[in-house]
Every structure is written in C-alpha cells, then in structure tokens.
Amino acid sequence: MSNPYVPYPVRIDRIAIENDARDLKTFEVAFLDAEHASAFRHTPGQFAELSILGTGECPIGIASSPTEGDSLLFTVKKTGVVTDELHRSREGRVIGVRGPLGNGFPIERMRGKHLVIVGGGFAFTTLRALIRYVLHEEHRADYGDVTVIYGARTPGELLYKAEVDEWRARDDIAAHITVDEGDEAWTGHEGFVPAVLEEVAPSGADAMMVLCGPPVMIKFTLPVVERLGFAPADTILSLEMRMKCGIGKCGRCNIGSKYVCLDGPVFTREELSKLPAEY
Amino acid sequence: MDARMLDKADLATVLERLAQTRRLIAPVEDRTGAAFASVDEVAAIRLDYRNTSLSAKEIVFPQTEPLLVFRDGAAEERIPAAPGAVLFGVRPCDARSLTMLDAVFRGGETEDPYYAARRDELTVVALTCNEPGPTCFCTSVGGSPDDGSGADVLATDLDDGLLLRAITDRGEVLLGELDAGRPAEDGEIEAARDLAARAAERMENVPVPTDAAALLATFDSDLWSDLAAGCIGCGACTYACPTCHCFDITDEQKRGTGHRVRSWDACTFPPFTLHGSGHNPRPTATARLRQRVLHKFSYCPENFGEAFCVGCGRCVVHCPSGIDIRRILARLDAVLTANSEAGGPTR
Amino acid sequence: MSEVEDRLRQRVTELLDDGTVDLFIGYAEADAPLKTAVHVVRSTTDADALVWDARCAANLAALLPDLFRRPENAGNEWAPPRVGILAKGCVSRSIVGLIKAHQIPRDALHVVGVGCRGVVDRHHAARLVAPAQLAEAEFLEGDRLRLRATDGTERDVDLADVLLEGCLVCRHPNAVLSDESIGDPVPTSDRPRFADVESFAERPIDERWAAFREEVSRCIRCYACREACPNCYCTECFAEETAPRWIGVTTEPSDLMLFHLGRAFHQAGRCVDCGACVSACPQGIDLRLLTRKVNRDVEALFGGEVGVSLDRPEPLQQFEMTDDEGFLTEP
C-alpha cells in the first residue's frame, strides 16, 4: 500500500482569478506522473489536501469532474498560511496533491432522481464538479430534471462566470443565478438564495437536494427545503472542518463518532441529525 | 505455549545477552519516578517500579516524528528503521493500549506506515501487576492486572523468580532467543494468576457507563460545564494517556530543505479545531472536555468496539486542576442510571 | 479538618448566601496522593468540600481571566460574575498583576486571604520513592510528612525538605490584597532570595547552556506550565501562532529551547514565583531555572517587586528616563 502522507507532485498549469476581490483563484493542476493521474479517480464532492512543501497542507474541494480529463481544478480562497502561499504561486510551480479524500456526493443514489443543486458564495466549488458530471453526455440520461440555484453577494463574486452563462443557455439544466445586490449590467435574479429557491419552488418529489454554502445561508435555506418536501435523507450537505491528515488518523475533524474526512464531508440531513451540533 | 521460570539472579545476564542483538526498551529510574528508555546498561533497568509517569506510546508513536523530508521541491518519505525492539517490563494496561492504537493507525482503509514500521518489529513483554497503583482502575474498563492484549510474553514477579509465559508466536520466538531458565511448573503459573486476581480484588471499582448512545444523549446537559469547571486547557492528560493519539502535521524548513513532521496534539487545546475563518466548533473548555470524554467512552466504542481507556490513571496523577476521570465516569453513570430509571431523556 | 478550613467553609457559605459572590474558587480533596482539585463552589452545599493545606499547588488566579471574558454568543444581559477566591500570598500577587494588566476587574472580586506555609513539591516526593510511586501522603505533627510508597516502604520527612523551592524563599506568604483574611499570618522566609541564581551564574557559560538544553529536553509541549500560570492569558500564544511562525510545535531541541526562553522572557515583570508551573509539569522540569534569573534581573534593573501593590505600576508597565539600557549595547 502506498504511503497516504506522500503527496503526488502536480504542476500548476493555469491560474484564473475568479472574483473582483481577487481572493478566489482557480488552479488547474496536472500530474507529473501518468501513473498518479490514473490512480487519482475521484467522485464529485471529494476533496484533496493541497500540499506546499515547507508551508503545509490545506483541504480543498475538487472543483472539476472526473469526466474532465486528468487535470484537476481547485478553487481556493485566500484565508491562511497555505492558501496565501498558493495565491502567491505562478503557473509552472510544482505543488502536491493528496487524495482523493472523503466520501463524495451519492451519485449512485441520485440516479433516476431530479436534482436540485443549491449553492452560495465560494462553497459552489464542488457543486461545479457535480454539475459537470451530471451534464456529461454519458451521464445526463441517468438523472431527471436538473435545477441549479447559485448565489453570491455581487456579480463580481460569482465563480465560473463563463460556464454559468453557458448553463443558463442550455435546455437540459435550469440555472437560476442570483446576487444579493446587482449592478447596472446584471440581468439575473436579485435576492438571497433561500428566497430564490422559494420562488423557483422545485418539488421534493422524486428529487434530491444538494446544498452547499455558508452557515447563515444554510440556516435560512433549510426551512424552505423542508417546505418543498425534500426528505432529510434526500437533503445533502457538505461540511468543512479543520483538517490535517485527511485519512481519519489525527483525530481532529470529528463530529461525534464521524470523521468529516472519512465519513464526510458529504452528509445527509438525516445523518447530521444524529450527530451533536458541534460544527 | 512456552512458559519458563527465570531465576532473578540470572536476569541481568539474560537481558545483557538480549541487549546485544535487540534494542531493549525498559523502565529506568527517572526524575518523575520511572520512565521507559532504550537501555544500554542493563543494570539501569528497574522492574520494581509501579508504573511510569508517561505512557509507553512514545515507542510506537513518538512525540515528534518526520513524515517526509524535502529538498528543492521534491519530497521523500522517511519511514523509520525499527530493528526488532523488545519492550520489556511494560504494564498490561500500556500493552493493551497498543491494540487500540493499532485499530486507529492500522485499521480502516489506510495504514499508517510510520506507526506500522515501529509496531511490526516490536516484541512486548508485559510485567503483570501484583498490586494496583494508587490511581489504577483497569478492571473497570475491561482490562486486568494480567491482561495479555497487546503483549507477546507475560512476565510475573514471583519473588525469587520471573515467570515468563509466551502468549503469541512472536513471544515464543523471544523465549527461544532468551534460551534461559527452566520450564515453569503449573504451581508457578497458578501463583501468578492468584497474584493478579488478588490485585484485581484490591483495585478500585469505577462505575463506567457503556451505553455509547446514552452517553451521546448527555451532550447538551449542564453537567458538562460542571465537570469542566477547573479545566485549564493544557494537554497533560492527553500526553500522559496511553490511548490518546491525536497529532498535528507541520512543515519545518530552512532554505529549501526541511521536513514535514507530525507531533502530538490534544483536543483539549483551544486551537485544535480552530478554522482559518476564525470559527471554532469547540470554543469552550466545557466543549473540549466533553469531546475528550465522549470520544473515549462513546465515539470509540461505536467505531472500534471498546472505550479508549485502559484505566492507568495517569491523567488523574497529572491534571494540574485535579480533574478525575474516575469521578467523571461515576457521575455520568449515575446520571444515566437515574435517567433510564426515570425513563426519560438526559438533563 | 483545621480551624482555617472550618472558617473558610463557613465564610464561603455566608458569601454565597448573602450574594457577595456568585461563585467561589478554592481547593478540594483529590483522590491521588499529595493532590488537591480546583474547586468552583456555586452552591452552599459544595462549600463543605473546601480544603486548605500544603497540597494546594494550583495558582487559582489562572482561572480568573476566562471568567471575565464575554462569551462569544453573549447577549446584552451578560454581566461579569462576582467571583470569590481563596488567595495565598502568591495568588494574591497574581491577582494584583491581572488587575493592573486590565484582565480582571477589582470590583467583581472578593479575595479571601490566607497565610501559606508552603506547598509540597510532588516531583520531589516522587524522586524520594522512585522507581516506586507514591501511594499515600499523610501530614504529621511537627511539620512532618509521611510518605508511603507502592513498594510498601514508608518514610517520614520534614516538610521543609520537600516544599517547592520557591516556597523556601517566599517573602509573601500572606495575601497582599484581600477583602478579608482567615487564619493567622505566616512569617516570611529569611533565606537568601536568589542564591540559586547566583550559584548557577558562577558556572561556566558552556555548562549553563548544556544544563539548560538538558533541562528542557524532557519537555513534551503539553503546555501545562503555561495554562497553570495566571500570566499566560493570551488568546493566542506565540508558541502556536502560524502567521508569523515564531517557533515549531515539535520537541526538536531548538523548538524546546525557544519555547522556554520565550516563556521565561514573557514572564519578566510578571512572575510571582508561585511554582504552579513546576507542580503542573508532568516531566518534573525545573521551570524556574530561567524565570528566577529574569525575576532577579527585573528587580535589579527596574526596582520594585511584582504584584505587591495596586497603587504602583508593575516594573515593566512604566519607564523612567534613568532606566538601565545596558541590555541594548551589552548583551
């Protein structure tokens, strides 16, 4: 068995600045070793530990779908020591990736269901992976209607703007994009995510809800989710925790008896209801 | 399996011979009383100790250990070389704790190669207890003064002799290597069992709640802030504990070369769960003490089938605030018993 | 139970009953030899558990800053509690220091002073019975202590031979700040205060460096010393900061030495030599090795003792134009 603490070396091929505040960047990385690329088979929703030797590691959701080839996308917010160093990096730099880690979205259980994907702020990253996966020609027929509701504070803070525009133009996905406060050029919704969800009102029947966002958004969206009839077992959330090993040994990321790096980061509302509210 | 009786007068010679081919780790006198050390001078070994101040876990899980070494952007693993060490004279509680650390580091989907390297080559000779220590309660948490879990050989002090009983194949190999003493008599083995049984009888009985779900149900109870009232948030309990295994991973570097190391960490420390955003899911000493206790007595039983406590009582000895896990458990047990009698949820 | 204990329990009951305090911090029995537990009394029924003797090692003032920190989710109705505390001399000096550092409010405190005849050093006792463990300790008449070990041996020692070293030279056994006192005042020591610092200073520098390295090499970074100390109230310790990263979190020699050097220097002008750190350390490290020197230097350079009066600024809380600046140019 290979050493789970040794990162795969990857080269940063492309860096895209995602937002006006310039604190969100998407890094496209390529494995230096083809064997590593084949070994790294991930599911949307999983994460990886990004490693910068001499600085440290941080757990980041994988923003690309496994259908997008061997390169990986990570959208990273500049928050602390490691993400700072990452943001200072230039294309061509070699960093490390450990993973894939965590449990990913339940894409098997989601087959045959309508999907409602709701995201806020920069928590949208792994939802991109899920949407790309579901929209892929090999998978689209496995799923029912796909509704996306994605909100950010201002138009400048929206991630993946070009892609999102493409989704709005497609007819196999209903993409509702909203901002808390628009500008003159803005043509989408204006309003908080829970309000837009209420307006769009997708039914919970034969459907699953995937919800990622900051705690305050989750707090106000869940009652709407309930009213629309989504069962707790069909309401899917992704959590964040401070992590180190990412493989369930260092003891840091537990919520009750579950480790967010192993049993999560994806949990259903039903699973969370059995855990102490310590996150 | 092989059982031999070794004359105490011959013990030093036997151990000296062993020390020539194996790395011998044994209890020696220390500023805190006793501690485990790699022994060159067999004369330093003190089997007349009760228990060490810190546990033996450092041997398989060092406080600081390099995981990777890196130079100019390339990293290499640093798996420790662990040439067949013999941990001689550890107490059964500490030997048993190794099985719990095994479950964490070697269980699940990934094995920790650093732990495995140290553990794989380790032969454990556990010295059974003829009397309990001042804070011992192993019998209340599923252990005993002559428990063999985690041990390869059980050694018992029978006054003029040391009884050595192999209980695993690896133990047999060691006894073969020692090639000392004479076959043990049934009466001697019986005497060893008696000593352990009498030690167990004299040990304090601590009521330990074993219903993991019922324990979890106390999560929101006011009881926890009471129990945590004196906790100052150090890691003395965690670091002295044989089964605590949390660790941090940090990078240390100087001009392009360096190490990624792991070092002990504790859920009792305030920044243990501190997010980069500043959010802390466990912002109070109450939340952290509750985590420590529930992890050991609710979450680990759920995940591994047993409480992560071997009843050594070191946390009791070292807590600067005198917080006592035995009293915490008794209080929890009382609350759970009262609740189940009343048939209602925990308050 | 002693007279002092009796009086203490009575007073605490009264203080709770008449609403002078919401809670009282003292010591209670612990089920381990030579140990007491920190005891937070919130109801009068708990007052009977209070004890006071030479096992009371913790510096209770360490609990105060957190009690007065506004909790994260506190609403407007949160008010700091009225806290009673049992204060031997060093604890009262720590309280003075915390008040002067604006960490705790004087008017929310009710200090019950008590004279202290010294605290037993649990590590010294452990060394006397090593490699066996201490099974029981019993105070005897004539300031003696009976130690029973797990190997069945028993020895009687003079208390003075097993007290914390700081207690042996203590100049403030009685509270310097109190709202009331119980028990009789205790005479101060007249032993030379810094004999240990002077004799260490006489050793060659290489030896001193080796001794320091050796002493801290046993450290396991449990931070018991730090948390037991009332002066360590920083919400983020320099030892754990990541931006910037001052020192590593490991037990590599450089990390250990820098941690202890940092700790010692951060004590300058604040350490009251209570020895709580020494008692707390699971490894029996001589944590006073550096702080004693720092304490002496602060007194010599800037005059005045730490934590003895609310009316004067602490030595490092003020400056005079005549202050010695030799440290800048003559290391």
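Chains here go by letter, A, B and C, matching the order in which they are written, and residues are numbered from 1 within each.
Following the convention adopted for this analysis, a residue touches a chain if its C-beta (ideal position, glycine included) is under 8 Å from a C-beta of that chain, and two chains touch if they have at least 3 such contacts.
None of these values were measured; they are calculated from a predicted model.
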{"item": "Middle chain, criterion being Cα centroid separation", "value": "B"}
{"item": "Far-end chain from chain A, centres as C-alpha averages", "value": "C"}
{"item": "Intercentroid distance (Cα basis), chain C paired with chain B, Å", "value": "30"}
{"item": "Whole-Å gap separating chain A and chain C, where each centre is the average of the chain's CA atoms", "value": "50"}
{"item": "Distance between chain centroids, defined by C-alpha means - chain A, chain B (Å)", "value": "39"}
{"item": "Chain B: positions in contact with at least two other chains", "value": "248, 250, 265"}
{"item": "Per-residue multi-chain contacts in chain A, two or more chains", "value": "80"}
{"item": "In the complex, chain B residues that touch chain C", "value": "27-34, 46, 48-51, 53-54, 63-64, 131, 133-135, 229-230, 232-236, 238-240, 248, 250, 252, 261, 263-266, 269, 271, 283-285, 313, 316-318, 320-324, 326-327"}
{"item": "Complex contact set, residues of chain A against chain B", "value": "1, 3-7, 9, 52-58, 79-80, 83, 94, 96, 240-242, 244-245, 247-257, 262, 276, 278-279"}
{"item": "Residues on chain B engaged by chain A in the complex (per definition of touch)", "value": "67-68, 70, 73-75, 77, 79, 104-105, 108-114, 212, 216, 219, 245-251, 253, 256, 258, 260, 262, 265, 267, 272-277, 281-282, 287, 291, 294-295, 298-300, 302-303"}
{"item": "Of all residues in chain C, those that touch chain B in their complex", "value": "27-28, 30-33, 35-40, 57-58, 62-63, 66, 71-72, 123, 126-127, 129-136, 150-151, 218, 220-224, 226-228, 236, 240, 248-252, 276, 279-280, 282-284"}
{"item": "Chain C contact footprint on chain A (complex, rising order)", "value": "80-81, 84"}
